[in-house]
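One chain, chain A, links the two complexes that follow: it is found with chain B in the first and with chain C in the second.
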Partner chain A sequence: MFSFPEITSAFYYTAAPVLILVAGSMITLLQGVSRGYSSQRAIEVVSWLTIFAAILAAVAMPVDQASFLAGGLLSGTLVRIAQLAILMISAAVMMMMREHHTAPAFFRGEVISIFLMLISGMLVLVSSDDLVTLFVGLELASIGLYVILGYVQPNRRSQEGAIKYFILGSVAAAILLFGFALLYASCGTMRLSGIVAALPPIAGHGWVRLGALLTLVGLGFKLALVPFHMWAPDAYESAPTGITAFMATTVKVMILTVALRLFAGAYSSLIDVWYPALIILAVLSVIAGNIMALVQSNLKRMLAYSSIAHSGYMAVAVCALSTTDTNLPVRAILFYLLTYVIVSLGAFAVVMSLETAENDQLTIDDLSGLAKKRPGLALAMTLFMLSFGGMPPTAGFIGKFFVFNAALNNHLYGLVFIGIIGSAISLFYYLRLVVRMYMAEPVAPFGAVNTAKGRFSLTNLILGFAVVSTLLLGTILPAEIMDRLVGAATEVARK
Partner chain B sequence: MEFFNSHVLSIMTFLPLMVAAAIFIVPDDKFARVAALGGSILTFFVSLHVWHYFNAGSAKIQFVESYVWMPEFGIRAIFGVDGISLLLVMLTTALTPLVILSLWNSHVSNLRYFFGALLALQTGMLGALVALDLVFFYVFWEVMLIPMYFIIGIWGGARRIYATTKFILYTVVGSLLMLAAAIVLYISYHRQTGIYSTSILDLYNASLDTTTQLWLFGCFALAFAIKVPMWPFHTWLPDAHVEAPTAGSVILAGVLLKMGTYGFLRFAIPMFPLAVKSFAPILVFLGVVGIIYGALTAWVQQDAKKLVAYSSVSHLGFVVVGSVSLLADGSLSVEALTGAIYQMINHGVSTGALFFLVGVIYERRHTRMLADFGGLASVMPWFSVMLIIATLGSVGLPGTGGFVGEFLILLGTYQSSPVAAVMSATGVLLGAIYMLTLCRKLLFGPVTHDENKKMKDLSPLEFSYLVPLALLVIIMGVFPDFFLAKSKASIEHLAKNYRSYSLAIDSH
Partner chain C sequence: MIPVENYFVLSSLVFLCGLAGVMFRRNLIMVLMSIELMLNAVNIIFVAASRHLAQVDGQIMVLFVITVAACEAAVGLAMVIALFRRYGTVNTEFLRLLRG
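Here is the complex of A and B:
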């Protein structure tokens, strides 16, 4: 029965980003224990080379759909978009980490090795058509995150966050795996494309339905949807801010890519199971995420709850996948994701440039009067907050417009109403930050935050990129981007 | 010149934003004020061009520009003016240079950002008035909020943060519902015709069932009612006005509030005509309550600015009542509608002047309490002349614009609902009472406070922005036809045909 899969050059092109990352991970691991090559500089050289080689490989990846290793590896537009997104975010995070006070702790052999390995796990996850590979990719990414969270800055707080994330994440993984097992037992195949075909006749069966529900719970955990969000605020708060930015963005990219494959494709005959459950998660996330963000005083915790609420908005768009025409919802999700990633990176870049080694837990009050000391940063942060709040003419407005559009197209009036209420609440705490920066006097003598005048730095580069993209995505680019997402949308479209 | 003629509206709309960007880049207050004044005057001249070449006999949309933005989703930037928006455009472009003049010698911190915010605000207001596409209208509608939010929040009074947050949250809740309603309309239109379009020229033709229209009208009406603001959604307004700097108050009362009533005329009424019949009595009721409530509340105010703010609630009640006066045959009353539009302009001029005048005494004494003044007529004669002109315009004395507007509204409303007309008319009486009380307490009687004895009369700078407004109050009362001639066709078209409304494009 078993025959060794045929290895073609197309396979190498498709697998190249993953292979490069694994190779980079091995080299940095060896460097870490070597005598002469373990300096920060040497580690940096290898890690930059690896990440840029992986980006080039992802750019060169074939976009026509093909499947290798019995479904373990896919190529296609969606895979390429997701891989490029994850790799570029990683590069951006590395750039920002380089100038952060935690840089010496981050650019160590073993840390970078884990970092590169977990990115490769993410790439495996987004390019997999097979439940087992999918799970392996997810765990590779998650275990790497648990370790990095507690290991870069090994203090009590970060270890507590890491342990919390580890325990809850492992439970979620077990639930997800159980769901996959039930699906496999019922369908007799591990491949998502096979499950699509096998499901319809047995869709009414209890075990199948439970399996689908359990996968939803598992993904909800990773996406930090309420009520599975408990790990997120602690993990976000305790991690070095660069890692927080990395988690807040890449995890959403990878989980939503999987969610698109599952909910638009494989689970299409189980709509009556996941759809009502997801509606509940979406409503809870939008409302609870925004309300809890209102009362936070720690900046990173506030951004954590805001990211929970944004997961909720994306879940609203995922709910809209229950229609027959998934084209618009898929593109709405991807566009929203794009705006969310860019704005989040920008917001965390602001936080990172304000942090000092003495004060790396900024509170909202620390930002008081920022507009006087660092007008550029304050303006950028204002733009990001307006975009998070969905105000035109920023990217966030267009994202929200498409999400509402997709949801209303599917008659989800109630969900949109909840989304509107959530938006109004969210504007309150986003604007509170703006109020602090522009309308309040500094509370402490300005020692609390880094007020060194901004000279050229990679963090500022990322910041500038995020500002320009936030404006362009809100004004002249949306049509172009939505056009380019058509390919990905047709790929996951329900057959 | 060819380019100018075919892009005149977008030039007019975005010119202030360009100047704002320049002000933002060049770190110099002197440059900022010259550029701001120059830019706003240039914008005014561009709008005069539009006014001059506007074809008065036509109810069509003129100076139309159309740009593709998201072809796949049918979202285009369509700009155009008709008789209804033209007057408001002129009000906006005329008021902005005066507001900038009022800040000419101001010593507030970060003055250049203030100018930048005002100009960005002007782009938002003009854009919302000329946009004929729901998405672009929404974008400009929200863009208006952000500069105003900063103007109140940075340069406002002691409770500015509370006031500005309340202002923006109230408005955003309404406008998000409007956005959702707009998307529902857009989807319904697509279901009917297979065409994606957010252009209101297309959406006027959408034939929705009555229930849908009621819901959508409700969502739009809520957004506009909050903006107007109509009773009981008015509570943000006194806070915003009291805390806002003078320049902010003038723009807020002068133009921003009119966006709400303009929204009813441009969007809610012609897009959802079947709902008008059900909603008109509610709106008239809320309008009448607003007139009386605003007037009574204004009467008891001790703070001059709060008094003027509540008078706005009362005056805009008139505008709402005039906008939805249904006649027996189901059409809107042309007189009432004409009066409503005239009253919008008129309120912008006279209340703008009143806020300026309150600002004048506040700057000298740092108080606005009526009890702190008295007998200013002998100390500041020119100030008193201006205040009396603005007051008379506000209470609607014959010979001022206010009379024309209120008379037409009452005339039209009487044909529609005599009860509403009589109730509204009490608002005119009350208006005379509270405004003349304001004048009496400020201007007449003995000078009771020694500080008031050496108050300086109006400076040449203050004259420069008050005289144009005072002249306008009188000219608008004497030559209403000069202003209304260009709007007549559009108003009649809306009043008679709102049930099967369409706007043709004038291609000259």
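Here is the complex of A and C:
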């Protein structure tokens, strides 16, 4: 008889969030096909139970570093942080979607099933050390997103966005896989940690360098770094806003977790390949992302270009990984990611509470004079825009401070200069929105946005949470958070 | 005995054909086929490396890549059919609603 010595109770505790999500996905799928027997309400209840059970399981996950299934599943602090972040974003997005006009389309059996399944793919991706599970997790997440993008509200716009995202996402996956294949062939192992350990002596070889470069390009595609960003504005604009918020945040969390595993360990040995490429990507993303955002009139499209620029700032911090002490840049990236996720969720929550079924593509003009009609929302949006622009006393300021600090420690003066120029450009369009909300007169009938006075709602709850976190992360919490990230940063550090 | 680098060259050429197909073809079905070509080009490396290193890992990976490619093809074809119903064509030049 076979025995499985690795299948211990610790394995089940580590795999619990993924297993719960897959089970929930299967149940909602069955509920979806047995429509006569299962109400919409029952599907919703199962999906909420699943996501909260998964969050509880992730909280209870062991944090000591261990590896199961020959590297297919890791446990550790970084894994737990990334899984909790992805699950909490998902729960927040489900709360916001519940009150959005697309709720009946979203809480269908098949859509919720795909949603839960793609979250499980993301969890697999952040907790795997093996190229096979890594690729399967990535594709599970990506294919789920392609479907959700075009299927929740099947109209011209969303189908066009979905096919564009599908083609470019598949090409990105193929390029990433080509890089993985070359790294596997050169290093002789499928383990990411094994590849990182085997790279230094063979890093001069041409095929190894090509593999490393292609891996970076694949990750750059998924992170929407310029010039691999073409899919992002179209996909962000065309998706239902809740899904846009989900994509804009979780995809960055999962890809950066993988990138940190690879770059923190192997960066210095392949520095002559990655460093120039990353500098080009970072500079182009910060400058082009911010300049393109200037000319947008569609609010979601503007936020998409702003998210491209924010990816660029994170790439600046990745450039700084070449110091002997990778701890500071890794923590800077994680902190920046945290601030970006919270502020993005808040900004998209504002957009979602203003959208109506008639007008679900808000323009910047639609927000004119918002402060008179909905002062609370206008104030929250102002705070988020200031944070995106990096103004004190908000989370965005501290995030940028840590990133630039990490880059300065590594003598990347030029990059920091470019970053500050980019921030200055970005302030123009962020503040233009604030000026519109406070100083402009409402556009004629003002029927275009949802002006119903906000009573208590889950969206407002998320909004309040984002406002409080943005202020706390900008004032009293940063030191505390940075201390707590030390454990995660040492896990990926060069051995 | 053919050196393993030759397989890398072959795979790169097939991969570039696929990439060129995605970039220059205007028919969505051809674009889907080009994506499949790219994934299968990668499989050549995995099999060659697996044989070269005398490991089975690379061939296991190929099985997973084939499966994932099938899923992608299924989703991609479904999207193409949905677009065909709406536009009556599968040409990418009709996808011009989103720009800027």
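Basically, the second predicted complex is superposed on the first by the 483 of 495 C-alpha atoms of A that agree within 3 Å, B and C clash if a C-alpha of one lies under 4 Å from a C-alpha of the other, contacts with A are read in each partner's own complex, and residues count from 1 in each chain.
We take it that a residue touches a chain if its C-beta (ideal position, glycine included) is under 8 Å from a C-beta of that chain, and two chains touch if they have at least 3 such contacts.
No experiment lies behind these values; they were computed from the predicted model shown.
After alignment on the shared chain A, the placement of chain B and chain C results in a side-by-side fit free of clashes. The larger set of touched chain A residues comes from C, when the choice is between chain B and chain C. Of the two partner chains placed by superposition, A:W48 touches none, neither chain B nor chain C. Of the two partner chains, chain B is the only one touched by A:D483; chain C is not. In the overlay built on the shared chain, the residue A:Y146 is in contact with chain C alone; chain B does not reach it. Geometry note, superposition on chain A: angle between chain B and chain C about the Cα centre of chain A is 140 degrees, to the nearest 10.
Applying the stated contact rule after C-alpha superposition, one finds that A:P233 touches chain C and leaves chain B untouched.
Touch criterion met: A:F166 reaches chain C, while chain B stays clear of it.
Once chain A of one complex is fitted onto chain A of the other, the partner contacts of A:Y275 are absent, as it touches neither chain B nor chain C.
Shared-chain residue A:F465: touches no atom of chain B or chain C. In the superposition on chain A, A:F11 contacts neither chain B nor chain C. With the two structures overlaid on their shared chain A, chain B and chain C come no closer than 25 Å at the level of C-alpha atoms.
Note: no residue of chain A belongs to the chain B contact set and to the chain C contact set alike, using the contact criterion stated above.
Touching chain A in their complex are the following residues of chain C: 4-5, 8, 11, 15, 18-19, 22, 28, 31, 35, 38-39, 41-42, 45-46, 48-49, 52-53, 55, 57-58, 60-61, 64-65, 68, 71-72, 75-76, 79-80, 82-83, 86, 95, 97-98, 100.
Interface residues of chain B, counted against chain A in their complex, comprise 69-73, 135, 138-139, 142-143, 145-146, 149-150, 153-154, 160-161, 164-165, 168-169, 172-173, 176-177, 179-180, 183-184, 186-187. Residue ranges of chain A in contact with chain B, taken from their complex: 386, 391-393, 397, 401, 404-405, 408-409, 413, 416-417, 420, 423-424, 427-428, 431-432, 434-435, 438-440, 478-479, 482-483.
Residues of chain A touching chain C in their complex: 131-132, 135-136, 139, 143, 146-147, 150, 154, 156-157, 159-164, 166-167, 170-171, 174-175, 177-178, 181-182, 184-185, 188-190, 207, 233-234, 237-238, 295-296, 298, 301.
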